[in-house]
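The structures come next, written out as structure tokens.
Here subunit A shows up in two complexes: once beside subunit B, once beside subunit C.
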Partner chain A sequence: MWLYTFKRLLQGVVTVWFIATATFIAMHNVPGDPLLNDRAMTPEIRANVEAKYGLDQPLATQYFIYLRNLAQGDFGISFTQENRQVNDIIREHFPVSAILGVLAVVFAAAGGVLWGALTAIYRNRLPDYIIMFFVILGISVPSFVVAALSQVSLVNLNSLFGTTVLPVAGWGTIFHMLVPAMVLGLGTMAYLTRLMRSSMLEIISSDFIRTAKSKGVPPARIFTKHQLRNAILPVVTVLGPAIAAITTGGFVVEIVFAVPGLGRFFVEAVQQLDYTVIMGTTVFYGAFLVFMVIVVDVLYGFIDPRMSMK
Partner chain B sequence: MQSLSSADFAPIPNSQEVHGISRPSLSYWQDAWIRLKANKRALMSLYIVIFLLLFTIVGPWIWRVSPAAQDLDQVSQPPGSPRVALIVDDYTPWFGEGNPLETGLRTFGDPTTQVVRLQWNALPGAAGHRIYRNLFPLGPERAYGIPIGEFFDNNTLFFEDRLDLKPQNYYYSVVALGQFGELLDSYELIEVDVKRVTTIAEALEQELVSHTSNFQIGDAIDMAWHPLGTDYLGRDMLARLMAGARVSLFIGIGAPFLFVLFGVMYGSIAGFLGGKIDQVMMRFADFVVALPFLLFMILFKIAFGVGPGESGVLPMLVALVILMWPATARLVRGQILLIREQGYISASQLLGAKTPYLILRHMIPNTLGVVLVTLTFAIPSAIFTEAFLSFIGMGVVPPTPSWGSMSNEGIKTMLTTPHELIFPAVIISITVLAFNLLGDGLRDALDARMRNQE
Partner chain C sequence: MTKPILIANDKGFAQSAVKQLGLYAVCTIMGLAVLMYLLSLAAGNTGGGSGISGINVDDNSITITLGQEPPQLDSGRATDAASSSVLAHAMEGLITYDQNNQLVPGVAERWEIREDGATFWIRDDAFWNDSRPVTAHDFVFAWERVVDPITASEYAFILYPIKNAEKINQGELPKETLGVHALSDQILEVEFEQPTPYFDKLVAFFTYYPIREDFFGSTNGRYGADADMLLYNGPYMVTEWVHGSSMLWEKNPYYWSEEKGFLDKIIVSYITTDVNTKINLFKDGQIADTSLVAPMLPQAMEQRWQIDRVMDGTVFFLEFNHREERITSNLNFRKAMSLAQDPNELVYKVLKEAAYLPAQSLFPVWVQGVSEQFRKEYPPREHKIDVLKAREYLELARQELGLDEFPPIVFLTGDTPISLLASEYYQQLYLENLGLEIRIDAQIFKQRLAKMTSGEFDVVMAGWAPDYFDALTFGDLFASWNLNNRGRYSNEEMDKMIRIAQSELDPLIRMDAMGAIQSIIEEDVVLIPMYERGVSFVVDPRLKGLIRRIVGADVDYNYAYIDVSED
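On to the complex of A and B.
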């Protein structure tokens, strides 16, 4: 198990290096000039600024400086915000995205498992049809539409009660996080519900359930111990990619609900061609996602004892 | 127990019928088609997809309205709104002459979409006045609306509003200003019902009337018809939805087609060759999978660059292909590994078949079912990605319409004119839903191993 974890971590480091290199190559092909703005720049000043950011070096040297800084956890200085470290920007805005993402993942996973199990138990009966209708809705309606509609409903809700029941936008308290997290997790929840449903259906019709029933195990115990525990395994395997989808999917939700997260900041940085911020954020996100997938895979080994045998 | 007689042991007559084949033999694809036809949801989705393709390809030939043409007399009009307009004279400036006997805030002449003329008497204690316009009556919080004009003297007691007028009710307020331009407490309010008008020149220009027809000032004419209303720039929603469908479906179908094609080639080569080459190729695919998808979509899009006058469709297509091929490649490789061990491959090799022939003749056709299912599921996710990127302003470049960018424009006015958001949102949802259900149906029909439990 430990050897497996170590191997996965090593693979992860190589993957992060690949992400960093791809980011470097992509960014150096961007047309346009980061130093070309409305301020007039004499050649001397330009040379100074280029020297400051290392832009006068050959590309290979730039690449190695970039990798060395990355290895030390230094993403550099923002191009457009004077004297602001990219590390500071990430430190300031990432926790917001992370809290929102964690809430969304918890919401999606809990909802997905619950609804999926319910639909399987009530297969081809009314609860199944109702839940699957909403699942199909959750899969086919884009998140920005859901975000906009939920904002309108919040406005109506607040004006109905005459006070602010739940804030429409912004960030700060737990009440600010609730609705954005639900909107963010909705698509993933729909996906997990479908997965849980088919996995649960497979379990329900399997032999060991019939055995448990025939030897008189109470239905509640069959449900929790035998069905849920086994059916949940495929859901856990896709949690890693699901976290990835939710974190990057946060862009839209952060924009619509005015949440000061890293996703919104990334979009702004792209619009301003803030090279170091774009590169830093991309590599940081990439490393985070690679790490999350490894964590989920390793955790899976603990949940499913069969895995550690391999 | 029943007793048996000797008659029970008589031999059954040898009938030819037993050996006959009761049903015609079906190929794999014929069988799949029968299964798909039996699936009502999938068939319904197939019809919707066909309708969408017709809407995209044939639609612009039937509804010949330019998606870029602006109808400034009908801006942000929901579908079915009245479109009768009165013909009036050309606009002439007005300098506040009117009937001085009337008092209070009042209109001069008929309030029309061309101009609303306001007159008032100096408010008590005012050193100047500011005029506000609102869509809603003055509530308890005294929301006057948007300021549209202000005068820091007491000589100017009239105002002409020509700012983006629509045929609806407006609430105008005039509020007294103090010595330093601060708002005082006294105000007057008037509700104005604005009528839609147009001038002869405009009517001729928009071809609402012909030169030969007989009309005069005061006649009522019908404005241009917009079945689904207009957007915030007065562009026809139906025409824009059709033009947007071209962009959205071009990316949504073109990109999956290309990356599935690439993934099939990559995966089949890796799977067939096996060994070291396979390992290296699949490790590279793993790296590409690890790239954070949306961030790299945006990165690649700005790396390719969009020149002036370009729509930004091609960069997005290329970025999608670069990032999304590995899933297909993995799947196809797995299939090829299975097929490679089958007897008929050895038989073909024994007959002298070369590798390209084996791959093209035997392996790829046998993976086609799985590939088709992947393709169908890749389409909605590509459509989503396009809509998502266009929504955050990283997709197609305005004025090119796409469903995502139309939603982005519509969301800004969703409280006052919800149709601008609803139409693109609904059509995205229907398209994604149709392709998803079709994919489910195809999977059930084509591939016994992937068949789900529904």
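On to the complex of A and C.
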């Protein structure tokens, strides 16, 4: 088991290095550079700025300097926010994305399991149809539509009560995170519901359930121990990547609800060609994703004893 | 024979399972509540904190939004609108603008501009927020720092009228040789490189703001990076700054003027680019004002809001690539393209933004001439769409260029909804009227700039926002030496006129030169004017004195106050 974990971690480091290199090459091949601005710089001023950021060095040198700094965990200074370290940007804004993300994942997982189980129990009956209708909706409607619509509903809700029931946008309290988290988790919840439903159905019609029933095991025990526990396995598998995807993919929700998360910096950096922030956020997100996958793989061994035999 | 039992249809089992599930659901919700509580405690450390409401009468405070996080508040290096907006509330230069965009004394109580230089007398009641006086030395330090190559200030060029500034910036002279001296704490003496009659308008720009040397030294290179890394001399001071999230501006008790800074607090609670979010916040009474875009106008009218409009100062135009190898370097071709279009149609039928004006010239409608509007003193040539004549010019161009058929015209544009809409309109228009094929090249900001700079276009949809309140901020755009002249237009007569406009002290001769610049642009079809941008906006009726500006801070809350007397 330890050897397995170590091997996976080593693979992860190589993957992250690959991500860093690919991003570096892609980024420098995009026309334009971070120093271009509305007002053209004189060659002298430009040279001064280039020297400041080390952009006057050959690309290969820049790459090695970059890798060296990366190994020391230093992503450099942002081009657009000249007084801020990329490390500071990540440290200040990732917790926001993470909090929102964790809540969204919990929503998604709890909702997905509950709705999935419910639809399986009521297969091909009215509750199943109603829930599955919303599931299809949740999967197919993009988050920017859901985000905008739910915000308009909040405005209407507040004007109906004549006071702020739930804040329309912003960040800081429990009420601010409720709606954004639900919107952010909606897609994943819908996906997990479907996953849970099919895996539950498979379990329900399997032999050991019939055996358990015929043995006279109490229905509550069958449901919890035999059905839910087995059916939940595939959900746990996709949960790791889902956490990473939700935590890193909240850009739209963050913009709409004015949440100061990292997703906004990630996208704006690409638009602004802010080299250091692009590299910083990409490598950070990449590493995060890789790490979550490894965590799930390792955890899987605990949940499903058959895994660790291999 | 055993019949298979369908468990899913087993009613008793289903009921028990649902009961069980319900139990789990209740547990989950309770768990969620605890989790959310814990998370909100954690979130408390990541900032945020929203205002109570848009207008808070008890607190004498308002809540507003910023479209973007200010990259930094270092006046010497700032370049963008968000920083400029915050700085205009927190700092003050020698001269500033009043409610009617007229120059009024700021830190300087009076000044004198001569042919060879200028003198500013600094008021003795101007203080920093640590109670020490603002002196002439603070300006000398700030300006020397801007032109110092080590600072790498992108706006250093705006100080080039000062003696030796350009040479210092190029590293040829030490920064101490800059033509600016503090004769005493109160008197600031400036030497010019060449006569600069509009210098009073320049010093209102944020790059000219003062910085105190001892404080700057104490920030260890982090000047302007955080709320406590800046010294304030404006009506408000930034007391809290949670990056990307919120700011708090509080009234600066040491500010000298009685006419600014009536609010105790301005809470910048939301930083978001999303206009829909802002209008929702405004509807909910969470913010004091917001800008509107065209699709929102019906909704705003339905709410019976008082909608105001104002020009934001920026002019948009189709800029031709005048490099020799391009088709657009042919004058008849440009004439054809100009005659085949009509900016009125673009603005009123295509863009339909209520606050936009069809542009008639490079010089926008608000520019001042000698004694009144520049446009009245030097009216631009009237433009009429004439497709037949346009086709004649196009035929002439075809012969001159020796072409059988025109290749597709590369039309470089931005990726915003407005630019895409406009470029698709032109694509259709030129195909119909002239049979020209337009190939739209839509690029994001930096890529568009890269292509503009390297000349990879025939026509580019460009805009120009003013830096200072003088016609020259537009007038020198097509000087052959101007780096922002990205189509590389070059004309000796134009250069001559620009030199006069830059250094002539007699306002009449100077504006005549400006008029000549306008005529050359028309004669030579250097560009096709598109529109002057404006904004529609709404303000909470209880907030008075809010100013939208063409140059400087937009939105300007310096003169704003809460008035609940009238309904």
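As a convention for this text, the second predicted complex is superposed on the first by the 298 of 310 C-alpha atoms of A that agree within 3 Å, B and C clash if a C-alpha of one lies under 4 Å from a C-alpha of the other, contacts with A are read in each partner's own complex, and residues count from 1 in each chain.
Simple rule for what comes next: contacts are C-beta pairs under 8 Å (C-beta built on N, C-alpha and C of every residue); 3 or more make two chains touch, one makes a residue touch a chain.
Predicted model, so just to flag it, every value in this text is computed and none were measured.
Q: Clash or fit: subunit B and subunit C on subunit A?
A: These partners clash in the superposed model.
Q: Output check: A:31 vs subunit B and subunit C. Expected answer is one of first, second, both, neither. What do you get?
A: After superposition on chain A, A:31 lies in contact with both partners, subunit B and subunit C.
Q: Name the contact category of A:145: first (subunit B only), second (subunit C only), both, or neither.
A: first
Q: For A:130, using the defined touch cut-off, is the partner it touches subunit B, subunit C, both, or neither? Pick first, second, both or neither.
A: A:130 sits against neither subunit B nor subunit C.
Q: Between subunit B and subunit C, point out the one touching more subunit A residues.
A: The larger set of subunit A residues in touch belongs to C.
Q: Go through the superposed model and pick first if A:84 touches only subunit B, second if only subunit C, both, or neither.
A: The answer is second: A:84 touches subunit C but not subunit B.
Q: After lining up the shared chain so the two structures overlap, which partner does A:299 touch, if you call subunit B first and subunit C second: first, second, both or neither?
A: Neither partner.
Q: If we overlay the two complexes on their shared chain A, which of subunit B and subunit C does A:121 touch? Say first, second, both or neither.
A: Second partner only.
Q: If you stack the two complexes on chain A, which partner ends up touching A:281: first (subunit B), second (subunit C), both, or neither?
A: Only subunit B is touched by A:281; subunit C is not.
Q: Tell me which partner A:265 touches in the superposition: subunit B (first), subunit C (second), both or neither.
A: Once the two structures are laid over each other on A, A:265 reaches subunit C alone.
Q: First (subunit B), second (subunit C), both or neither: which does A:169 touch?
A: After superposing on A, A:169 lies in contact with subunit C but is clear of subunit B.
Q: Give the one stretch of subunit B, out of 132-140, 240-248 or 384-392, that collides with subunit C after superposing.
A: Residues of subunit B that run into subunit C: 132-140.
Q: Give me the intersection of subunit A's contacts with subunit B and its contacts with subunit C, in residue numbers.
A: Common to the two interfaces on subunit A: residues 30-32, 148, 152, 155, 201, 255-256, 271, 273.
Q: Would you pull the subunit B residues touching subunit A in the complex into a rising list?
A: So the residues of subunit B in touch with subunit A come to 286-287, 290-296, 298-300, 302-305, 380, 384, 387-388, 391-394, 404, 407-408, 411, 414-415, 421, 425, 428-430, 432-433, 436-437, 452-454.
Q: In the complex, go through subunit A and note every residue touching subunit B.
A: Checking each residue of subunit A against subunit B gives 15, 18-19, 22-23, 26-27, 29-32, 136-137, 139-145, 148, 152, 155, 198, 201-202, 244, 248-249, 251-252, 255-256, 266-267, 270-271, 273, 278, 281-282, 285-286, 289-290, 293.
Q: So in the complex, the part of subunit C that touches subunit A is made up of which residues?
A: By the definition above, subunit C touches subunit A via 5, 7-8, 12-14, 16-21, 24-25, 28, 32, 35-37, 39-40, 42-50, 53, 65, 69, 71-72, 74, 77, 79, 149-157, 169-171, 222-225, 229, 242-246, 269-274, 276-277, 280-281, 283-286, 444-447, 449-451, 453, 465, 467, 483-484, 486.
Q: Contact residues on subunit A for subunit C in the complex?
A: Spelled out, the residues of subunit A in touch with subunit C are 30-34, 36-42, 44-45, 48-49, 51-52, 78, 80-84, 89, 92-93, 95-96, 99, 102-103, 106-107, 110, 114, 117-118, 120-123, 148, 151-152, 154-155, 158-159, 164, 167-174, 176-178, 201, 204-205, 209-210, 213, 219-220, 222-224, 227, 255-258, 260, 264-265, 271-273.
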